[in-house]
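What follows is one structure encoded as structure tokens, with my remarks underneath.
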Amino acid sequence: MKANIVPLDFEKPLNTLSKQINELEQKSSLVNGNKKLLIDLKTEYEKAKADIYKNLSPFDRVKIARHPQRPYAVDYINHISPSFYELHGDRTGKDDNAIIGGLIEIDGQTIMVVATQKGRNIKENQKRNFGMPSPEGYRKALRLFQHAEKFNMPIITLIDTPGAYPGLEAEAHNQSQAIALNLRELAGLTVPVISIVYGEGGSGGALAIGVANRILMLENSVYSVISPEGCAAILWRTREKASEAAKALKITAKDLYELGIADEVIPEPVGGAHYNIEETCKNVLSSIKKHLDVLNKLNGEELRKDRQEKFRKIGEYIQG
Amino acid sequence: MGLKDFFKNRQLKKAAKQQIEMPSIELKSIPSDETLCTLWTKCQSCNQLLYTSELKKELSVCKHCDHHSRLTAMERIEQLVDYGTFIEIDYDVLPTDPLTFSDLKPYKDRLQHAEKSSSAKEAIVTGIGSIDNQPVAIGSMEFQYIGGSMGSVVGEKITRLIEKAIKKRLPLILISSSGGARMHEGILSLMQMAKTSSALKELHDAGLLYISLLTEPTFGGVTASFAMLGDILVAEPKARIGFAGRRVIEETIRQKLPKDFQTAEYLLLNGQIDMVVHRKELKKVFSDLVRLHTQNDKKFFFNDELVLNVKDTPLLAKV
Amino acid sequence: MKANIVPLDFEKPLNTLSKQINELEQKSSLVNGNKKLLIDLKTEYEKAKADIYKNLSPFDRVKIARHPQRPYAVDYINHISPSFYELHGDRTGKDDNAIIGGLIEIDGQTIMVVATQKGRNIKENQKRNFGMPSPEGYRKALRLFQHAEKFNMPIITLIDTPGAYPGLEAEAHNQSQAIALNLRELAGLTVPVISIVYGEGGSGGALAIGVANRILMLENSVYSVISPEGCAAILWRTREKASEAAKALKITAKDLYELGIADEVIPEPVGGAHYNIEETCKNVLSSIKKHLDVLNKLNGEELRKDRQEKFRKIGEYIQG
Amino acid sequence: MGLKDFFKNRQLKKAAKQQIEMPSIELKSIPSDETLCTLWTKCQSCNQLLYTSELKKELSVCKHCDHHSRLTAMERIEQLVDYGTFIEIDYDVLPTDPLTFSDLKPYKDRLQHAEKSSSAKEAIVTGIGSIDNQPVAIGSMEFQYIGGSMGSVVGEKITRLIEKAIKKRLPLILISSSGGARMHEGILSLMQMAKTSSALKELHDAGLLYISLLTEPTFGGVTASFAMLGDILVAEPKARIGFAGRRVIEETIRQKLPKDFQTAEYLLLNGQIDMVVHRKELKKVFSDLVRLHTQNDKKFFFNDELVLNVKDTPLLAKV
């Protein structure tokens, strides 16, 4: 257990063991019995660790996806590009900080990055609105998508949002239309679009920047039509059943990969991305490069068609 | 002649008066027993008792308070397209249970129950019809079927309808009434938003007209995808339309919302829709809009083969 | 002098004569002297009328252009088209009533009309903001221009505005950008665009819906880079010199025709459009038809080029 | 060696330190006598006295309060383009008096006075230069010339610059500083808004980059046309930018405006511009932006003939 990482509830056993091991190790000399105990504890720790991380429930993944120390968009941006020119505003009255975007570079190719961004503390979250974009945020995103289209820049979107903001002003400014228009316009772009769900893929608010040629998901990220809590409240009539809902909804990276929605699951370090941000970013970058290499070989029309066909195929029904 | 037959006849006669040159063949959507046996209907808004038959004649608009009561998907279509011209397509695209989803009740059971209670096979009916002799591709949502929620079938049927509109170069009309995406199909439901919007991009680039009619209620993933992408957005009076539900918003912002919040009139005032149209004006407005958007286009011509080309004709229709 | 028309200051002599004539005519029988007087008065009236209307100063025209009974956009629309389907809103939060727009028909051709609209009384003017559009109004206009482009509809814009609204919210919502974008996008359209200045052409606020293939001006309309009062306040340091400024600025229809900006001056009834709205509308309609006939024969690229060339040529400078 | 020559030399040396490999030839814009004789400059913002030469070295940014003081059109260009690469074009497009306009003073006289007081021939300088060896088309407004107002000449020179950028496939940079349209040319000035925006439509459709730099102050017809149409909008700190002037707005709405109203920072907060950049960072930012927007474009190549093709070379420049 790494120090200064806030443990999740299912990690508590590890935490206890880790403490005991630490205490024993602090002691300058150990009697034989203690040596034996230390070895046992370490074995137990490794076993517990393996058990826990190999048997994470979907809702455990939700907890990891929402971990307050999980890397956010700016962390990825800073790790994968030597520079970042952030571009601001929807041009019509607002710069929504729940969505950030701008120019980065990968292997000498300019890329437009557009991402949802949460804050790490109250002040930051006031600014970022807990990563819940307003219509103006989606309109800023659209402006940047169109900018990328004009200048032949691939687009990478980084997604981690509880969803589009459900507020009075958001409705008055037509949240629905902002999302809908992005869905339509993303579908028509002739540059590569890669979306990476790195935390919570919160319904339409996530999809609004997620109509991509490739959807990549970090191992412990989730993507869902509704939050487990919201689903539980409606279908089970209590938010307490969120864990059941998480399972039923099939929201983990693995689920989405199996359903043919996610194109790749990007591995995370044991315990989750926050245990090793560098490693996570390295995995993300190498995955981006791999997919970009393929997409860069397609021309504009092929890229548009590739993206549209990806979504055209989604859905299960019977006919006859 | 039993009571049922009596009413059937009565309804036919009423309908006949409404429709010029309506041939005396059977109504396509046969009213359910329940409807037939209900002489009176209580207005949901003003509580006045109304003759059911008279109410139908008035397009289900209350003559006392002008309340636009809910229509079935087929009633919508019958009110809008020329009598006997509607040909349903993709009626055989049916729901399945891709996630083997179960909450307090299995999704499979919900589907069965929905079919029984709504007399519909899914939450949308799509097809081709004509409005004042102008052919259109038209889809109409069925709120009675799991709250008009959009799952794979709704997404697929809308997408196919759009594809047909593109192929035949037809104006598209979609009538929404939905609580949003269908949870029971999880991420597949969400992705129908992208699928339908992507198809609409092609329609848009093909220069074709799309009129979206928003009816009580239209929310969530439906509003946030195809329903808001019309070239012209029309709503029925007082219809509630929005992204998030009123309660969710009140819980989030912890304040009371204005009374008219998310009504059609509120949306008009806030620049979100083009017009609020009374149900009795709808057909004329749609007819005019289709004409106004097609008469300049020299490439546009009436496709005589149109109806014959439609392979899948589920109902005996006047062709 | 027509009854119930509010006379302008320079029309006062006519008003007095007209009253005297009326009074004389009321008398059931006239003595000879009175008969003579009546004839003299009538001669004088006709002479005064001819004098006044033939020698209108530019600022007199400004007064006619701003006459509270002058026909407004809705009047023209109702007279020239059998129907009007008004389309509302910018889709992002506001329906600005200082700009109206929608579908009309002329000779079986669907036309998109976009117009500024003033109100006739305080209540109406609250709604119409005295015909001064907000950025949202210009964005609604842009939406309708793009709609017209998609459906191959000619565009007619009807202009009568003191200018774009100079307010706090208007600035916050980027009035400049709203106008600028309309200038650019209008320039690129491939459908015919005809602008008719029917009252005040108030600077950038008017031009924002006025980048047209043909600019037509009603006889008593004006079009200026700045209001005469505003210009006088800056250059003469007093608004009192508005009349001089009006003259110096060359703002009348005739001036603009001579400068090669206006393509036609549409005649008004003697005294101004408000003396005979039917006749005015008939003149407007016949002028529209004439220009539309010509423009309808051009293809999209020709129309765009025609419009761009019109503006490309404007400007006087010396080179060498 | 007189005082004037002394300062000229001194300035040259200072400039030499700033510019790598700056050849010791004459500075293109020869400082006026007044400038040369002014050892000290008082900061307009904090009133501190500054060595004029040092202030210039600091790009006219006050070292005490960071105030970005006004630059001439040529100073702007010199600060941004690689030394010796700027070639002015259309320097011979000169103003006339199309309306024989006269207020308290004839426009002709104002033009003469403007030329004298600003040492500029009109309110804009346009040309071709390079930024870190990347060729760009660049225009820079001269506020000292009738408040940087846009009349026929400004509109014509900008339009020609845009046309050149399209022809040579060059990124465009326009630096605005203007009170708006020039009243003295009446409607002709207004129409320059349409003329420049129309040219920018062509540039936009040609897929070329346009960076607009907004500097203190940019208002009226300039903001409401080309200045707001950049792909990227950059402003200098605290620059005031808007459509209507502060006083006009206060008179209209009859309330006091917030203190930061219409500042660069206010515009950033209100989503109207992409970034506020310190003058000392400007060249690097522009250089990066040009590179980032051109490196993906396989069709883009460095046009060696570029400089040679420019017919009108007014100054002896290092070519």
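When the chains are written out, they are named A, B, C and D in that same order, and each has its own residue count from 1.
Simple rule for what comes next: a residue touches a chain if its C-beta (ideal position, glycine included) is under 8 Å from a C-beta of that chain, and two chains touch if they have at least 3 such contacts.
From a predicted model like this one, the values you see are computed outputs, not experimental measurements.
Colleague: Touching both chain C and chain D, which chains are there?
Modeller: Output, common partners of chain C and chain D: A.
Colleague: Applying the document's contact definition, name the chain pair with more C-beta pairs in contact, A-B or A-D.
Modeller: Answer by contact count: A-B.
Colleague: When the C-alpha atoms of chain A and chain B are each averaged to a single point, how far apart are the two points in Å?
Modeller: Inter-chain centre distance comes to 36 Å.
Colleague: Roughly how many whole angstrom separate the Cα centroids of chain A and chain D?
Modeller: Between these chains, centre-to-centre, one finds 43 Å.
Colleague: Let me have the rounded angstrom distance from the C-alpha centre of chain A over to the C-alpha centre of chain C, please.
Modeller: Spacing between the chain centres: roughly 55 Å.
Colleague: If I count partner chains per residue in chain A, which residues reach a count of at least 2?
Modeller: Correct list: 91-93, 172-174, 177.
Colleague: For chain D, which residues are shared contacts with two or more other chains?
Modeller: 204, 270-272 - these are the residues of chain D that touch more than one other chain.
Colleague: Identify every two-chain combination in which the chains touch.
Modeller: The complete list of chain pairs in contact reads A-B, A-C, A-D, B-C, C-D.
Colleague: Of all residues in chain A, which touch chain B in the complex?
Modeller: 164-168, 170-177, 179-181, 183-185, 187-188, 203-204, 207-208, 210-211, 223-226, 231, 234-237, 244-245, 248-251, 255-256, 259, 261, 307-308, 311-312, 314-320
Colleague: Along chain A, where are the residues that touch chain D in the complex?
Modeller: 83, 85-96, 103, 105, 108-110, 136, 140, 147, 150-153
Colleague: Can you check the complex and tell me which residues of chain D touch chain A?
Modeller: Chain D reaches chain A through residues 204, 207, 209, 231-232, 268-275, 285, 288-289, 292-293, 295-297.
Colleague: Per the contact definition, I'd like the list of chain A residues that touch chain C in the complex.
Modeller: Residue list for chain A touching chain C: 91-93, 135, 139, 172-174, 177-178.
Colleague: Quick one: in the complex, what on chain D touches chain C?
Modeller: Spelled out, the residues of chain D in touch with chain C are 92-96, 98-99, 101-104, 151-153, 155-156, 159, 181-183, 185-195, 197-202, 204-205, 220-221, 223-229, 242-245, 248-249, 252-253, 255, 257, 261-262, 270-272.
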